Amino acid sequence: MKKLINDPHDAVRDSLAGLAAAHPAILKVCFDPVYVMRADAPIQGKVAVISGGGSGHEPMHGGFVGRGMLDAACPGQVFTSPTPDQMEAATCAVNGGAGVLHIVKNYTGDIMNFEMAAELCQSRGIEVRSVVVNDDVAVEDSLYTAGRRGVGTTVLAEKICGAAAARGYDLERVAALGRRVVANGRSMGLALSPCTVPAAGKPGFVLGDDEIEMGIGIHGEPGRKRMPLLPARELVAQMAEAILADLPFREGDRVIAMVNGMGGTPLMELYLVYGELDRLLNARHITPTRSLVGNYITSLEMAGCSITLLKTDDELLSLWDDPVLTPALRWGI
Amino acid sequence: MGDLNVAVTREGVLRWLAVLAQVFAGNREQLTDLDRAIGDADHGINMERGFSAVQAELAANPPADIRAIFQSVAATLIRSVGGAAGPLYGTFFLRAAAACAGKTALGAADVVALFQAGIGGVQQRGKAEPGDKTMLDALLPALDAMRAAEQGGSDIAGILDRGAAAAEAGMLATIPMQARKGRASYLGERSIGHQDPGATSSCLLLQAAARTWRL
Amino acid sequence: MKKLINDPHDAVRDSLAGLAAAHPAILKVCFDPVYVMRADAPIQGKVAVISGGGSGHEPMHGGFVGRGMLDAACPGQVFTSPTPDQMEAATCAVNGGAGVLHIVKNYTGDIMNFEMAAELCQSRGIEVRSVVVNDDVAVEDSLYTAGRRGVGTTVLAEKICGAAAARGYDLERVAALGRRVVANGRSMGLALSPCTVPAAGKPGFVLGDDEIEMGIGIHGEPGRKRMPLLPARELVAQMAEAILADLPFREGDRVIAMVNGMGGTPLMELYLVYGELDRLLNARHITPTRSLVGNYITSLEMAGCSITLLKTDDELLSLWDDPVLTPALRWGI
Amino acid sequence: MGDLNVAVTREGVLRWLAVLAQVFAGNREQLTDLDRAIGDADHGINMERGFSAVQAELAANPPADIRAIFQSVAATLIRSVGGAAGPLYGTFFLRAAAACAGKTALGAADVVALFQAGIGGVQQRGKAEPGDKTMLDALLPALDAMRAAEQGGSDIAGILDRGAAAAEAGMLATIPMQARKGRASYLGERSIGHQDPGATSSCLLLQAAARTWRL
C-alpha cells in the first residue's frame, strides 16, 4: 500500500485539517466529534442541508460544503458511515431555526446512524427531515434486500437542495425536492482496478489483467459481474442502457449528465467517456443540457468511472444553475 | 436464580469486555477478510476500534454498576464504530443496560433477559429476519439455546456455553445463505458461500462470554 | 494496460471530442490540425494567450481554455509536444489584432516546435511573444543542459497572463508578467506509481513496493532519486525545502500554494499533503494566501503529487482573483 | 561525379523512404524502450507515426522531383511527429531539400552535400554539441566518414556504407555519455549507460540509405 499519509489511523483527520487550511473562507472543520461546516453557519431562517458518509469518497461530502450547497458534512472513517453524535453536533451547529435536511445514501450503516441522529435531534426540538438516495441501477431492487445503493445522484441532490435552501424554500419543500431528484436520477459505475482502505492495507478485491467489475459500488463492493475490458464505447453503452431503461428516460428528456471518476482515472479518459455518452444520448434524442465531468464521488484511488443521469425540468435546471461556492463545485460566485 | 457465587457481577462484566477487546484485536484481520469478500473490508477494523475505545472509556470513567457499564459501552460503540455494526451493537448494549436496571448482580434468568433485550434491540434497529445472513443468524439461535438451557436448569456458565455453541452453528449456517440485508445483499447470489462477518463477530462475543464465566 | 479508451491511437481525439461536447458554451475543438479555442474567439483588441504541450496532462491545457485564461490550447499526442502547424493555426484563429503570447514549457520538443510556429506566425505578420516556464527544482539547472523542466507554475502563469490579457494589458506587458510569474514560481513532484502511455502499452518506469521517485517529471521522466516511501509529512518537507531554498522564499512572503495530483492520487491524500504544507509554511512565517488543491497538471494515471509555490505581490494576487471561466478553473463567473 | 547509373534518383529516394517506413515500424518497440530508459517512452511511436504519414502523403500527392519529395517529407514530419524528433528530422529534410534544388539526380558529392545541409540544420535547430548524447553523435561522425569516403573516390553505395558504419559506432558511443541536451539531460548521471534513442534512429536512417543504394 502506497499512500501519501502519515499514519493510516490519522489519515481522515489529517486530510480534514488540510481541507480546512486550504479553504478558510468557505468552511471550517470541527473535531470531536468530526464535522465540516460552512464558515458562516448557522444562517438564520434558512433550512440547513447536511450530508455525511464514510470517508474515501472525496470531494464528497466535505468538498461540497459552502454557499449554495451543504451547510455541514459528517465524514466517517474510510468507507464507514459516520456516527450519530457527529450528525447531532453538526445539525445543532448549523440549524438556523428553519429545520435541517439530512441527505443520506442508502447503506444500512448510514441509514441507521442517521436515524439515531435524527431521533436525538428531534428530541432536542430541531426539525429534521431525511432524504435517502438510492440511485444505483447496478443493484437489483427488491423489497427483500437493503435496496439500491446511493451513489452519484447524491452530488446532484446536494447541489439542488442547497440551492433551494438558499432561495428560502421551507423544510418540507426542500425535502420534497430532494426526493424528486432521487426519483429522477439514476447511476451506474465500473471499476478497472481496486482500492485499498488505509487501515486495511490491502485491496478490497482483485481483478485480472483484462478484467473489470461492471456495476461496482463506491466502497469496492462487487457489482453486477466480472467481465473483460471492452472499448470505452461499449462499456458506456452498457452503463447507459441500464440507466436509460430503468427510469425510463425517454426521447425529448433533458438531463444533467455526470461522468464521475472513481479517483484513479485520468481526466483524459473521463472526457472520452463523456464524448461517448453524449453521442449515445443525442442518438436517442435525449439532451444533455448540463454536464459534470471529473472526480466527484470517488473510491480512494480506484480506477473506473460512473455515469449519472438526472432527468430535469425548468425548476431543477434553474436550481442547478444557481450560484455555488464550495471547494469542489463553484460557479456564479 | 442460580448460585450468587457464579452470578454475573460488575467485575465479571468488566472482565468480559476486556476479553472482547482482546478478541476483536486478535480477529481484526479475519473479520475484515470476511467483510472483504461480501462487504467493504472494514468489519474487523470497526470492531477493534469500538472495543478498544470501550476499554479506554471504562478506564477513564469507571461506571458504578452493570447497567452503567452497558450504557457506557453502548454510547462508546455508537460514537466510535459507525457503519452497520455501530448502531446494531450499540443498541444491543443500550437495551441490555435497560434490562439490568437496579441489579448489582445477575442470575441465570437475568442473563437470558439481558440477551433477549439486547438481541431484540438489534432486530428492531436493523429490521432483519432470520435467514437474511446477518448477525441475527448467530444471535437468535444463541438466544433460543440460552433460553432452553436456563429453563432446563443450567447455571450461567452452562447457559453461555450453550449460547456460544448455538451462535457458532448459526454463524456457520450463514455460509450457504443469500444475503438480504446489509451491504452483502447488493451481491445477490454472489453472497452465497461466504460466512457473514457480523454473525462471526456475534459468535465471538458469545464465545468470549462463555469463556469469561467458565473460569 | 487498462484504460477507458477505444483505440490507443484515437484516445486524444476522442477525449477532445468529449471535452467539446461537455463545454460547448466555453470552448470548441478544431481538428486537423488539432487545437482547442474559446467559443467566442477571437476577441478583437485583446492579447490572445495560447499554450500547448503533449496530452496526458489534463486538465492542462485544454481545460484552461475560456474567459480569463487561455484563448487556445494545442494538445500533442500523449507526452509528445504538439507540432508547429497546430500552434500556427491556433494563433491565427484567436489573434484579435493585439498579438499572441505563447506559454511554453521548457522541453526541447516544445521549445523547437513553438519556435518554428512563432517563425511561421511572424512571417504572417502576427506579433508573437513567448514565455518559457522552467520551474522544476528537481532538475539541477545548468548552462550545459536543456535546463529545468516546466511544470506546475505553468498553470499559474496561464491564469495570471489570461487575466492580464482580459484586463487589456498589451502584449509586452502580458509577456513580462508571464516572465515575472516564472521567475517567482518553483515546483517539485514525486511519484508513487508509474503511468502508461496508451500507444506504448506498458509503464514508463517501474517502482518497487515501497519505493517512490522523488523529483519526478510530468512524463514519468526519472527525478532526483529513488527512495523509500516515507510519511507524508517528511515527503512534503523534502519537497518544500527544495522549493523554498531555491528561489529563495523568505519570511514574510505571501505565496499561492498549489498541491497538484498526478492523476491517480485521491483528493483525500492531496488535502492531507496540503495540510502538511500549510503547517510547514506557517512555521516559516510564509503565508499561503491562496490555495489550489486537485488535479491540474497530471501524468495520466500516475499516483503522486507536486507542490508549486508562487511568490506573489498585490498585482499578481489581484490578477489571480480575477474571474475565470474554464472547464477546470472557475470563479467569479 | 560518379556513374549516373548508380546516382541517387527520384525513384531511389522514394525507395529509401519506403524502407524507412518499414524500418521504423519494425523498430518501434526498440526505440521506445530506449526512450523509456532515459526519456518518455515515445521515440519509436513518434518515428513510426512520422514515416508512415510520409508514405501516405507521398502516395496522395506524388512530388515531381527529389527536392519536392524532401520538402513533402519535411512538412509531413514537422506536422506529424512532434516532440524533439519532429522539428529535428523535419529540419534535416527541409535543408536537404534546399541542397537538392534544381537537381534531377544526385552524384556522390551531391549526396554528401545533402547530408551536410541536413545535419547542419539539425545542429542549428537543436543547438547540441558532439558528446551531448543526441542524434548528432551518430550524424556528425557519419558526415565525416561520408565526406572522407567521397574525397577518397568512393561511389554512392560506398559512401553510404561508410556513413552507416560510422553512425553505428557513434550510436554505440552514446552509451557511456552523460546527456546534456533533450529530455535525457534531466537525468544527469543517471543517463549514463543507456544508448540514445535519437542516435539510434539516425543510425537506422543511414543504414536504410546504405541498404537502398547497395542493391
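Labels for the chains are A, B, C and D, by order of writing; each one numbers its residues from 1.
Basically, a contact is a pair of C-beta atoms (placed from the backbone, for glycine too) under 8 Å apart; a residue touches a chain by one contact, two chains touch by 3 or more.
Just so you know, these numbers come straight off a predicted model, no measurement behind them.
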**Contact-graph distance - origin chain A, target chain D** = 2
**Prompt:** Listed by label, which chains are in contact with chain A and with chain C?
**Reply:** none
**Asked** When the C-alpha atoms of chain B and chain C are each averaged to a single point, how far apart are the two points in Å?
**Response** 55
**Prompt:** Can you give the whole-Å distance between the Cα centres of chain B and chain D?
**Reply:** 76
**Asked** Once you find the CA centre of chain C and the CA centre of chain D, what distance in Å lies between them?
**Response** 33
**Item:** Chain-level touch network, classified as line, ring, star, complete or other
**Value:** line
**Message:** By the document's touch rule, what are all the touching chain pairs in this structure?
**Reply:** A-B, A-C, C-D
**Message:** Could you list, by residue number, the parts of chain A that touch chain C in their complex?
**Reply:** 2-7, 11-12, 14-23, 55-56, 58-59, 63, 192-193, 209-210, 212, 229, 231-233, 235, 263-276, 278-279, 288, 291, 293, 295, 298, 300-301, 303-305, 327, 330-333
**Message:** Per the contact definition, I'd like the list of chain B residues that touch chain A in the complex.
**Reply:** 32, 36, 39-42, 45-46, 49, 78-88, 90, 125-126, 179-183, 185-188, 190
**Complete:** Listed in rising order, chain A residues that touch chain B in their complex are 33, 54, 76-85, 107-109, 112-113, 115-116, 138-140, 144-146, 149, 197, 199-200, 204-205, 217, 219-222
